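Report on the structure given below.
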Amino acid sequence: MPSTDVFTTITLQHYLVLSAALFMIGLTGVLLRRNVIVIMMCIELMLNAVNLSFIAFSKFSGRIDGQIMVFFVLTIAAAEAAVGLALIVCIFKRFREVNIRFFEHLKG
Amino acid sequence: MTADAFIFWFLSLITLGSALSVMLLANPVYSALSLVMTMVGISALFVTLGAYFIAGVQLIVYAGAVMVLFVMVLMLFDLRAELQAFSRGQISGALKLATVGALAGLIGGALLLSAGNVAEPSMAEAAKLPPDASKALGIVLFTRHIFGFEALGVLLLVIAIGTVALARAKGGTHAKH
Amino acid sequence: MPLGGVIFLAVFIALFGALLIVLARAAGGGLKTGTGVKFDPYECGIPGQEKRDTKISVKFYLTAILFILFDIEIIFMYPWAITFRDFIFSGQGLVVGIAMLVFLLIFIFGLFWEIKSKALEWD
Amino acid sequence: MGQDIFEIVVNGLKLIVIFLLMVQAVPILVWVERRGSAFIQNRLGPNRVGPLGLLQLLADAVKFLTKEDMLPNQAVRFLFYAAPVTALIPGVIAYCAIPLGTPISIEAFEMFGRSWGPYVFPMQGFDIGVGIVFVLGVSSLAAYTILMAGWGSGNKFSLMGALRASAQMISYELALGLSIVGIIMLYGTFNLTEMINAQQGALTYSAFGHQLAIPALPNWGLFYQPLGFILFFAATFAEANRLPFDLAEGEAELVAGFHTEYGGFKMLMFFIGEYAHMMIACGLVVTFFFGGYLVPYMTPEQVQSWVATWASSPNAVSAWTSVIHLLSYFVKFAFFMWFFIWVRWTLPRFRYDQLMDLGWKTMLPWALANTILTALVVYFAHTIK
């Protein structure tokens, strides 16, 4: 393949690289941010990145199962967000705190 | 072909830009709104991949429900820009970034090594998928994946009961401040 | 040109001009003419009484959580609804119908539980 | 979107025309609303400016235009300006997916020294395969507008109005989404055009191996899903934040809801957004339950063959057929728009707990019952001979 095709022909690799980049951004956010809500949002971003690669694989391998897996991931992500935010709201209501460092002290 | 390429590059620019601003913006409300933008962008990418139904579901569930919950909680807490959005500690920060870099390297390497194996059959295989896959999706979901479907129903029920219990939890081991 | 056409065109031009002007203004930011209380939060004319950090009922957020969960269950019904007749014609209607019935019973149980536990009461 | 430059340009123009038509409809609807409310309440309404007060539209536009554009002290600048713009966009995009008439086909012709192939342009902004899922998804983005406006204007009443409005919208989205499961099951498609095509001809129930035709009635979804229609239409009132569900504004309790701090053109954009939601609601109701653009008792082929008796060229036949269907759509659409206004000036407002009870404890169970009933009927009608 000549090198200019990288920009004009979109292959599976393009979607996978994009998905990996989104996943990395999400991971960096999870590791570096302090606000626990933002950390949860970054986890959602990582799940979305995985969904993108599922759909790309589904398209380029001609099988529909990837889309169904995305459907399931979507459900689990939403459930996770619901429980996580319920916990965060619970803690915030009592301690007025969303810093992830503070959550280390919640023991016993 | 060039139109497809243009749409892909445009959408990936939007998605990556808004994903970066999710991570970088100090105000969590702006982060959440950027994440909405990212999800709309990913939904558009699903459309370019022919997954119309999943794109709609992505809009309804992620952009229309999950992120509304996030934005609503942030507005309930009324969190403005934080003084310090990122965690302290230069050594730990450098370690974390190095971890991310290592993982990025691993994935990039894996993609490069597998490039020859995956890319070849793509176009022929892609033609197999019907242009509007909603019906095919339903048929596969309700034959091959029917137990996963029922299990998710139970999971959603458990979560619905659990979150209500959590949201009204009173008492506990810590005294009120 | 009839009267309706003239009005149509005039309103059209006015709206479009207005759109441009607002965009220009938004770029320059809000005008700051007048002083003092004019830019305070509006509370029907009295001086501002309320602080920003008023307590807001947690009910709103509980509603949003329940909405997510039920919304996903409804989304799961869409692929079923679109294929149900195909399943009937191919003879699998009973299996798929019963599968959906179980799912719907779980849904109904959840809804009934939320109503019973007064999670949806607003007073 | 298109194969060649002509098709791309026409498709782009179509989007612009639909956007302009939506924006244009708003002043007219405001006029109808004011005159209609006056008529219902035995008043006069605007009647000074121009004949029948028609120039009031122009006066309103000038007024909206010349108001001061102010930014309250405690407002968050970006959100305060972004919210009105985002109020417009989802509404317009969602409306573009609703089909307005039969496709226009243009035969091959010569222009600029080359031949341009035969084209078929659907009479809608864009034809997306999963129409209804797309419309629901895009219009569910409207909740952000409300939250952005409420939080961004730095006013406690705005925030409370925004939270109320968004909680109301998401609650009724459930009933809205569930009430159309029956319709999707009957037509077996998400595509709005295919749904409309399934409603051609006279009403024919086919069940248990028999067919029962009722030639006096058209084959509309209304006669298959009466309960679904009632639930869907009621839920759209709540989605559009219209009376009797306009708890977001609730002048008696909150000052004016989430747009308390807004004035001038920004306010007008919220207005257009609200009317856009009404238009989407009416478009969907017509599409699902009233045969969309179909002319009652006539299939598009019959209309086309009637047009062919007097129109000259094939292009003209196609265009006139499309225009007739467009008019048919518009008559139904206008009736439901009028219905929105009629209800607004007839019914009182709910209390907030009544509103939530209605959404969660009445409409959602009924929509579930409708789904189960439809599934049972569809199953037994196709299996028992």
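Per-chain numbering from 1; labels A, B, C and D assigned in written order.
The criterion applied here is as follows: a residue touches a chain if its C-beta (ideal position, glycine included) is under 8 Å from a C-beta of that chain, and two chains touch if they have at least 3 such contacts.
Remember, predicted model here, so these are calculated numbers, not experimental data.
> I want to compare two interfaces, A-B and B-C. Which one has more contacting C-beta pairs?
Most C-beta pairs in contact, of the two: A-B.
> Which integer distance in Å separates the CA centroid of subunit A from that of subunit D?
34
> Just the number, please: Cα centre separation of subunit A and subunit B in whole Å.
Here the centre of subunit B sits 4 Å away from the centre of subunit A.
> Counting only Cα atoms for the centres, state how far subunit B is from subunit C in Å.
Going by mean C-alpha positions, subunit B sits 21 Å from subunit C.
> Which integer distance in Å separates the CA centroid of subunit B from that of subunit D?
Going by mean C-alpha positions, subunit B sits 30 Å from subunit D.
> If I count partner chains per residue in subunit B, which residues reach a count of at least 2?
Answer for subunit B, listing residues that touch two or more other chains: 53, 57-58, 60-61, 64-66, 68-69, 72-73, 76, 134, 137, 141, 152, 156, 159, 163, 167.
> Residues of subunit D that contact two or more other chains, please.
Within subunit D, residues 133, 159, 163, 166, 170, 173, 177, 190 contact more than one other chain.
> Can you pull out the residues of subunit A that are in contact with at least two other chains?
In subunit A, residues 71, 74-75, 78-79, 81-82, 85-86, 89 touch at least two other chains, as defined above.
> Quick one: label the inter-chain contact graph as line, ring, star, complete or other.
other
> How about subunit C: which of its residues touch subunit B in the complex?
Within the complex, subunit C touches subunit B at residues 52-53, 56, 58, 60-62, 64-73, 75-76, 78-80, 82-83, 86-87, 92, 95-96, 99, 102-103, 106-107, 109-110, 113-114, 117, 119.
> Would you pull the subunit B residues touching subunit A in the complex into a rising list?
Those residues of subunit B that touch subunit A are 1-2, 4-5, 8-9, 12, 15-16, 19-20, 22-23, 28, 31-32, 35, 38-39, 42, 45-46, 49-51, 53-54, 57-58, 61-62, 65-66, 69-70, 73-74, 76-77, 79, 82, 84-87, 93, 96-97, 99-100, 103-104, 107-108, 111, 115, 118-119, 121-122, 125-129, 133, 136-137, 140-141, 144-145, 148, 152, 155-156, 159, 162-163, 166-167, 169, 172-174, 176-177.
> If you look only at subunit D, which of its residues touch subunit C in the complex?
20, 23-24, 27, 50-51, 54-55, 57-58, 61-62, 64-65, 68-74, 77, 81, 133, 153-160, 163-164, 166-167, 170-171, 173-174, 177-178, 181-182, 184-185, 188-190, 255, 260-261, 264-266, 268, 352-353, 356-357, 360-361, 364-365, 368, 371-372, 375, 378-379, 382-383
> Show me the residue ranges of subunit A that touch subunit B in the complex, using the header's touch definition.
7-18, 20-29, 31-35, 37-38, 40-42, 44-45, 48, 51-52, 55-56, 58-65, 67-68, 70-72, 74-79, 81-83, 85-90, 92, 94-96, 98, 100-101, 108
> Flag every residue of subunit B that touches subunit D in the complex, lowest number first.
Touching subunit D: residues 29-30, 33, 36, 40, 43, 52-53, 55-60, 63-65, 67-68, 71-72, 75-76, 131-132, 134 of subunit B.
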